[in-house]
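Have a look at the structure that comes next, please.
A, B, C, D, E, F, G, H, I and J label the chains in the order they appear, each numbered from 1.
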Amino acid sequence: MSRLDVTEKIIATKVAKGIKWADVAAKVGLSKEWVTAACLGQMTLDKKQADTIGKIFGLSADEKKWLMVVPYKGSLPTSVPTDPLIYRFYELVSVYGTTFKELIHEEFGDGIMSAIDFKMDLKREPNAAGDRVNIVMSGKFLPYKTY
Amino acid sequence: MSRLDVTEKIIATKVAKGIKWADVAAKVGLSKEWVTAACLGQMTLDKKQADTIGKIFGLSADEKKWLMVVPYKGSLPTSVPTDPLIYRFYELVSVYGTTFKELIHEEFGDGIMSAIDFKMDLKREPNAAGDRVNIVMSGKFLPYKTY
Amino acid sequence: MSRLDVTEKIIATKVAKGIKWADVAAKVGLSKEWVTAACLGQMTLDKKQADTIGKIFGLSADEKKWLMVVPYKGSLPTSVPTDPLIYRFYELVSVYGTTFKELIHEEFGDGIMSAIDFKMDLKREPNAAGDRVNIVMSGKFLPYKTY
Amino acid sequence: MSRLDVTEKIIATKVAKGIKWADVAAKVGLSKEWVTAACLGQMTLDKKQADTIGKIFGLSADEKKWLMVVPYKGSLPTSVPTDPLIYRFYELVSVYGTTFKELIHEEFGDGIMSAIDFKMDLKREPNAAGDRVNIVMSGKFLPYKTY
Amino acid sequence: MSRLDVTEKIIATKVAKGIKWADVAAKVGLSKEWVTAACLGQMTLDKKQADTIGKIFGLSADEKKWLMVVPYKGSLPTSVPTDPLIYRFYELVSVYGTTFKELIHEEFGDGIMSAIDFKMDLKREPNAAGDRVNIVMSGKFLPYKTY
Amino acid sequence: MSRLDVTEKIIATKVAKGIKWADVAAKVGLSKEWVTAACLGQMTLDKKQADTIGKIFGLSADEKKWLMVVPYKGSLPTSVPTDPLIYRFYELVSVYGTTFKELIHEEFGDGIMSAIDFKMDLKREPNAAGDRVNIVMSGKFLPYKTY
Amino acid sequence: MSRLDVTEKIIATKVAKGIKWADVAAKVGLSKEWVTAACLGQMTLDKKQADTIGKIFGLSADEKKWLMVVPYKGSLPTSVPTDPLIYRFYELVSVYGTTFKELIHEEFGDGIMSAIDFKMDLKREPNAAGDRVNIVMSGKFLPYKTY
Amino acid sequence: MSRLDVTEKIIATKVAKGIKWADVAAKVGLSKEWVTAACLGQMTLDKKQADTIGKIFGLSADEKKWLMVVPYKGSLPTSVPTDPLIYRFYELVSVYGTTFKELIHEEFGDGIMSAIDFKMDLKREPNAAGDRVNIVMSGKFLPYKTY
Amino acid sequence: MSRLDVTEKIIATKVAKGIKWADVAAKVGLSKEWVTAACLGQMTLDKKQADTIGKIFGLSADEKKWLMVVPYKGSLPTSVPTDPLIYRFYELVSVYGTTFKELIHEEFGDGIMSAIDFKMDLKREPNAAGDRVNIVMSGKFLPYKTY
Amino acid sequence: MSRLDVTEKIIATKVAKGIKWADVAAKVGLSKEWVTAACLGQMTLDKKQADTIGKIFGLSADEKKWLMVVPYKGSLPTSVPTDPLIYRFYELVSVYGTTFKELIHEEFGDGIMSAIDFKMDLKREPNAAGDRVNIVMSGKFLPYKTY
């Protein structure tokens, strides 16, 4: 058994039972973004969170233990994603990558936006010309320092 | 001469004169995100915008014409970026890629968030534990349709 | 169980029973292009479509549920396809890629042809010198906008 | 001097003089698709065509000779294109590749659609919900034969 | 079951029974080149051919059906082959690729040698200094045409 | 100066003067296949051959010396060739690679067809249904031996 | 002019004048690790540091400005380094990568060792069996948090 | 059975039983760094070490034998690691690679730091601004010699 | 069943029974280099050799037949090997590749050292400063010839 | 100026003057293997060696300094070499890689053959059936140790 097996069981159960990520998140008491990432094998749960997830998806004791182990992260099968929805995010990095770099450095100096001390919120933005996906990302700025 | 030559001249002039992207954007009258991307060779300017940019960076008539030509987009030299700041965005796609996919499909059904009908706003988010980079992305949802 | 398992079952059943895609499409009441792509794991079906497909290919209730889940798209095992028929399409992108770009921009300005709001029709074009494959593609033009 | 130098001169002249591909094609007396591909270094011109192109773009005698040499084809700098417009065509091959294969084989048997005995026509398709890019491709079917 | 399963069964049976490709070809009544490629999953058989192959290798009715389905072609596990015998052919393409191109264009103009309307014959060429492999390839020339 | 510079000068001179490979070969007194490969930087010439080539293409004494140096071989810019004519040869290796392997081993046992002790002849094969490219390859069989 | 040009000038000057990194660092008043990385185009200098470096390497005013611009980081030409000294570090990541992961997670929980809030010290470790390279790395632990 | 099977069993048992690497190392009587690497399939154990490990993880006699076989090393599934913790080490090699090279050569001359005659110690470094990961690496310097 | 299955069985049996390659080679009556390569799936055995190997490793009649089939060669899972021992050989090719080329051409003219008509002998070379690995390679020189 | 420039000057001078590596080595007083590698930019020379090389190839004072700088090693333009002579060595690593590993471990235990404390001798081995290339490699065995 591995974390991947548990992830696949969670996904298969979700499809079979018609579970929604938003409902899972509500039961865990955290954001849908973090909870979904955790269920997809990208985050680590504590005992109480694992018990909640285990109950929802019918996991065994051993399967729940895997949820509490730090996973080997990276959710995509290829370095350039083939799925159109995910590719669009890759394209944003490709097209706007140097823009992110210029503007963050102009505002903060040398350093990065943390992808660890990071959170995000994804929601529907109603719009007469067609609703939009709205994503707010917030990551701590980490400066390079001299030493 | 090519668009790349013009981009390199803009960057070199920016360094030599100490120009700020925010000031360039203010003169163009558009967001700093779009204007920076345009100056970095990722967007297409109209005549008036090109004239403004041309004046700021001392471009020739021919160089300004290149700003009005649609560029071959993609700002990064490798498919997996080596620069730490840009890599963190790639890492977000890698770690959260399947999460983006699940949550957008759960909310909207099959389709994508457009990377074309898209805008974003990047700003400083003051925080006692260290200021944060705040990015708001807004892209039109485009549904797959049957036919 | 995963969407891939369902796709493989559909294909194996098609071979074993000698089913034709055109007939499947007729029963679903949509184009053969969309229906074939859906059966091959690239599109998402609604309940009624899934029931029709399920009946044709003898799918279980759980297998039909997978047809209604948005799949991870991308149908090819390598980034440059090895199959000669599919490679010819890749070659068209390689040889005519910059031509597509120049002509669409000349006609429409900066933007793309959507691969989401897209449909196509593939048919036999009789010709004395040897019949031809005729493909009509229609994709919405999506303009980049300033912001 | 190489064909690439001539291609770059043609493109630079086009930008400097504001030449349109459609006008070039009209002077050559062939489709805009073929003429643009030829100017971009993907097709071979005969003497008369090269003279016409040479006059439009101010090419020297030697430069015109390069237009009559069969070029090393392939117009893209990376095997997976980074430019969003061109990527969408790559995505169509990725998502619909197996569909192309199934439907052409169902209609014609084993073989391919030629990318050599091939022509296409790209035009604007007016549409109230936003104009569309319409592309008609026609390639001879070439059957595999036993021997 | 898939075509790959059938190919693997054919190969395993060939090893177990000590069958020779030349004998298989003689029974099918076609060249050893085409028949071997077909048995290795690269060509499509008709009913009669599949029956003959099925009898030789003890295939079931369903397995024979897979022989009549157009396979996803490409017989090698990596884009640069590691097997020394196959690599030598890759090396010929690498070393002589531009020579093939120059000489075919010099003789025929712009176009290609078809890999579809193609046949070949591989035989032993006796030679006092060590026998040689003799391969005769014949592919239809397909010219690019203007349009 | 490098061998590549000499190759480029030869090609540029060929285009400018309209020289034919067949004529070059006739003057060297060897096959057009070997002579073309040599001029394209893949083979090594002796003094007399270099003098002949030097005269035809107007090479300096130093440039002729480079023709007598063993070149770093491999004539293609990418491991999977993008040029359609050359790709077809790559495709033959991909589709028929395992067939080459099976048939040569069946006839000769374990070993390879040499790509060094190798020669080939490429010619037009008249055919009512369209002329064909005919290539005869002859490479010494080199057996693996036990030791 | 670009940062790369400045880096190359610094290196060429270092070779021509026989400058030592340790001496450069002493003049800048920081560690040799940080100062060397900065001179090699991986870190950003402030005005005073740039003036010191500029004096040592004879840089112009514009060249010094480039030292104060945040560079596009990543110092290696290939994703797997070919240089033996650098490869050994890559090998340590390859062999010990999962060990780093297990031990840091066992000690700290889910998170990473920062490569930004990071410093290191490289020195000679005398040893009778042959002196050793001793490297002390210190990076802040950054925990993933739930949200 | 293979070494990979044994590694996976060790990891699964560790998760199921909540074993800590530090405790395993204490029982083996060696550093946690070496012991963890060995359990993860990167080092070779002697009989006594294998017996200790076998007892802790409930391995069979055959499984213990695999621990004494030199493994095929390299612990990561991709050449550029996707896991954020491990990527940071890759990033250090990318950003500081040329710095390692310059400073080791300045101190020792041409040669490398051995990745074989190597040891390391990873520990928590308490810090008021957030604890740090402290890694001390020690590798023998191996000089290139003339011959 | 495939050759890979037989190779894996041989390796597993070797580990389980503690067999040494040198002893296997002695029983086969050939060098340990050739015999090990053959057991690892890189060479082809004759009937008598396969019987000897079969007896040592307890192979079935069918498994022995696979040893007599020419294998698809190439023993490594990645094009740049990750295992440190094997990587050192790759590094020798990388560092000394052009040196091999220059010196062999200086001595023999244009051609190659055969990797087919090749043998080698690997042994311990006692040395007070630490024993050394001594490898003698002998490959027939194969000259390129004009034709 | 860079080490690459010096290497290219050495090679161009060698071709122009017809210098032999063996003669260069004799003047330096070291093996032709080491001296050739050094001239090709893979090894570091001391003052006296650089003076000798500088005299032979007419190098300036600055160029000689570059010979005394440790180069960024790796002499090949692609990770899988295209040149047939060099490829054969790559093929030996590919085919015999696991054999090297098994036999060195069987003789020495876990560790590697050093590619740093390494020397080799390449010479002609006369043979009635065609002369052979004989290469003797000697590298120190470096054992992995527990810690």
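Note that in this section a contact is a pair of C-beta atoms (placed from the backbone, for glycine too) under 8 Å apart; a residue touches a chain by one contact, two chains touch by 3 or more.
Values in this document were obtained by computation on a predicted structure and should not be read as measured data.
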Shared chain contacts [subunit E and subunit I, defined touch]: F, J
Intersection of the contact lists for subunit C and subunit F: D, E
Remotest chain, subunit C as reference, centres from CA atoms: J
Repeated interface matching E-I, over half of the contact pairs identical, chosen among C-F, B-D or A-D: B-D
Distance-maximising chain from subunit G - centres being C-alpha averages: E
Fitted rotation between subunit A and its twin subunit D in degrees, CA, nearest 5: 180
Chain pair showing more contacts of the two, B-H and I-J: I-J
Euclidean distance of C-alpha centroids - subunit C vs subunit J, Å: 53
Subunit D and subunit F: spacing of chain centres that average the CA atoms, whole Å: 29
Mean-CA-position distance for subunit F and subunit E (Å): 23
Subunit I: positions in contact with at least two other chains: 33, 72-74, 76, 79-80, 82-84, 91, 94-95, 98, 101, 105, 111-112, 114-116, 142
Pairwise chain contacts under the document criterion: A-B, A-C, A-D, A-G, A-H, B-C, B-D, B-G, B-H, C-D, C-E, C-F, D-E, D-F, E-F, E-I, E-J, F-I, F-J, G-H, G-I, G-J, H-I, H-J, I-J
Residues of subunit A that touch subunit B when the two form their complex: 20-22, 32-33, 36-37, 40, 42, 73-76, 79-81, 83-86, 88-108, 111-115, 118, 120, 122-125, 127, 129-142
Interface residues, subunit D side, partner subunit E - complex: 30-31, 33-34, 43-44, 49, 70, 72, 98, 101, 105, 109-112, 114, 116-117, 119, 142-147
Footprint of subunit E on subunit I - complex, ascending: 1-2, 62, 65-66, 69, 72-74, 76, 79, 115-116
Complex contact set, residues of subunit B against subunit G: 8, 11-12, 15-16, 18, 78, 80-84
Residue numbers on subunit H that touch subunit B, as the complex places them: 80, 82, 84, 87, 91, 94-95
